[in-house]
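When the chains are written out, they are named A, B, C and D in that same order, and each has its own residue count from 1.
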Amino acid sequence: MTTDEKIQAVREEVAALHAELVRYGLVVWTGGNISGRVPGEDLFVIKPSGVTYDELAPDNMILCDLDGNVIPGTPGSDRSPSSDTAAHAYVYRNMSNVGGVVHTHSTYATAWAARGEAIPCVITGMADEFGGEIPVGPFAIIGDDSIGRGIVATLEGHRSRAVLMQNHGVFTIGKDARDAVKAAVMTEDVARTIHISRQLGEPIPIPQDRIDALYDRYQNVYGQKPQGEL
Amino acid sequence: MTTDEKIQAVREEVAALHAELVRYGLVVWTGGNISGRVPGEDLFVIKPSGVTYDELAPDNMILCDLDGNVIPGTPGSDRSPSSDTAAHAYVYRNMSNVGGVVHTHSTYATAWAARGEAIPCVITGMADEFGGEIPVGPFAIIGDDSIGRGIVATLEGHRSRAVLMQNHGVFTIGKDARDAVKAAVMTEDVARTIHISRQLGEPIPIPQDRIDALYDRYQNVYGQKPQGEL
Amino acid sequence: MTTDEKIQAVREEVAALHAELVRYGLVVWTGGNISGRVPGEDLFVIKPSGVTYDELAPDNMILCDLDGNVIPGTPGSDRSPSSDTAAHAYVYRNMSNVGGVVHTHSTYATAWAARGEAIPCVITGMADEFGGEIPVGPFAIIGDDSIGRGIVATLEGHRSRAVLMQNHGVFTIGKDARDAVKAAVMTEDVARTIHISRQLGEPIPIPQDRIDALYDRYQNVYGQKPQGEL
Amino acid sequence: MTTDEKIQAVREEVAALHAELVRYGLVVWTGGNISGRVPGEDLFVIKPSGVTYDELAPDNMILCDLDGNVIPGTPGSDRSPSSDTAAHAYVYRNMSNVGGVVHTHSTYATAWAARGEAIPCVITGMADEFGGEIPVGPFAIIGDDSIGRGIVATLEGHRSRAVLMQNHGVFTIGKDARDAVKAAVMTEDVARTIHISRQLGEPIPIPQDRIDALYDRYQNVYGQKPQGEL
């Protein structure tokens, strides 16, 4: 595959994956964004800013370098990239094994984030997917590297591919854009289920060794092929 | 553009935007209504009363003057305009920078309104969009100008483009009909997220200077072009 | 219109209206049922029992007399009518102004019914539509006239077109099948909104004279033509 | 019908029924799975592992023996069967009257399961369908027969066709795959309704003799033909 072919493939995947955010109700209006790293290149593809989900197409996705600068003269470069581009870029620069990043304000995840509370690992599907709790990152606002730094500082060395940024929303990472979208979907699913469970009492904790066993099996055995290491 | 062309453009936009109220689950049956000012004219276009969402089309939208009177002989003028037309008209007469008005009984916003409680600004997306809390307007019922007066008195000089009318529902304003619809969608989104967050504890407050910084950036930088001043 | 034409028109309306129960999420699987009186005849049309919503069509709707007996030799008469047919028939026999009946186990209405608690009238849209609280009927199970009697005893002389049958679900009535479906949709809408409002405090009561004024206006003025008297 | 025709019929039914899990919101991403026994044979058909709902088709369903081994050389046998195949197989080996098994992590059912709390029978539709409470099975994780044993030990001799596996999700059984899917849909429906009811107080209990009467009638009379005995 040439570099151009790789870029085109990521454009198509990133554009198409936004439909999954809509399908699972993770976004409203123009909120939320997905990016994907171009394999083997210091480039990533991200959603344009303030454009509706109905309008997204491979050719209006925006190609950026790892500092978040738009590559001039490429398709979509007449538009601004997502206002969260700096945070995505920071993650790609600092976590070399990350191939995809997703950001949403999905309802239940953001509800936990507004209280600054981590989601406890009390269902086996969450142990499979996240290997423990989904942690909370710092309060940080747009304007410098503070969101990106908060994501990396929280997820570096953590099993979870999702972080709840306090008072803000959720960022997820993955081996590619699809894997990061899966993490975003599963984050909202467990955020919702565990919220509802706690409304009428306390969920029963799962012993740590059982969480470890579930996580290990799922990362290595489940699905038609082994999951990537993250 | 001639006046007729401008009227036709607003008819098309207002009719089409009602689909967004359905898409985001803000309305049931024939509830909810959108209007749009005809730019540069003392006219606005509004949904007919008691007509289903499946039947809405540019030609059955109703053209009114700023006192809420139907303009005779225009398409749709054989029907009654929305029963909330007087409230929309009052807003257009008294807030010259408003180009669109939306009214819904969306679930979570109305739940806050029934308790007469403002929605606190505890998520950054709400700071972006509303610049602070979404305030509560007075209890007022149809029959005179009291709903319109309540909307204007509450929103005049407020950053929020949305007001929760006590025991009733939500009215939003915008620079045009699309902007007011966006405000209605975002109102329900934050009403829901913050409701859910509060079910299991208290959200962490966001410092006022951070709210101010987020609002300022979003109104001036976000999206493909600057947002209107409202 | 001949009797046959009237029957056919009601078959078509009743079959089509079931899609509204699906659209508004009021039913799952084969649950829920709608019936419509044939105007001027001692007949009504009702959904067959245990048939999926995808299969419903005018020709498998079932024609019954006012004792709930299937009219032999008519389209659909090879199937059993809804297991709630006796309750629908009882209503038509005893409330001559009722032209349509709907039964669902919609989530929020049934949640109130399981506690045996009436839904208080704390939002203006509920005052418009129901003129006050939605009352609770007795605990009654299938096998005799007790469900039908409970519906009639509760709704006779009440403004509400909806009754929550204790531990069971909701029955609504209307001037025709469409009006009863509207009442079912609005019942779930207010059941949900007021439930959510009460989760975080007490809604503000609406004074009785304001409820009366709203109900009077809505029944006589709203929509493209006056509402029926029920 | 030849064995091959029976296998093909079950492949088609099992593949198609997965759409019902999506329609009723019981699954996200590749979660959840359905299997169906091939009538009169020691075989069952199950969903492949880690494959999206959009890709499911009769020819990628997987044929297994009652020990959960894939039958070599049959369509789909190049993929792995669902990671829950051992649990399905255990149920078919030990409950000869079961013709279908469904597993989901549906939100409200899993919320009860995370607290290890049975769903009480406080609505008549639940008495019809389940004949009493939906019980909780033990905490068990993938790797041996413990999930299968927990399902069978809990449901053997119980009226309920659904079991909440602690901290995990729900398994349902039926006379065929369709009946088990219906049980999964109704489990989530009652889990949700009764959860919501309990948020604002205690539901009124239904006397045991009334539960018995409802269950008896529904299993023997409801629908166009008698229900299977399970």
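By definition in this document, a contact is a pair of C-beta atoms (placed from the backbone, for glycine too) under 8 Å apart; a residue touches a chain by one contact, two chains touch by 3 or more.
As the structure is a prediction and not an experimental result, all values here were calculated from the model.
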### Task
Using mean Cα positions as chain centres, tell me which chain lies farthest from chain B.
D
### Summary
dist(centroid_CA(chain B), centroid_CA(chain C)) in Å evaluates to 32
### Task
Determine the centre-to-centre distance between chain B and chain D, using the mean Cα coordinates as centres, and give it in whole Å.
45
### Residues of chain C touching at least two other chains
199
### Query
Name the touching chain pairs, would you?
A-B, A-D, B-C, C-D
### Query
If you look only at chain B, which of its residues touch chain A in the complex?
24, 122-125, 182, 185-186, 189, 192-194, 196-197, 199-204, 206, 210, 213-214, 217, 221-224
### Complex contacts: residues of chain A adjacent to chain B
28-31, 48-51, 79-80, 83, 105, 107-108, 110-117, 139, 141-143, 166-169, 195, 198-199
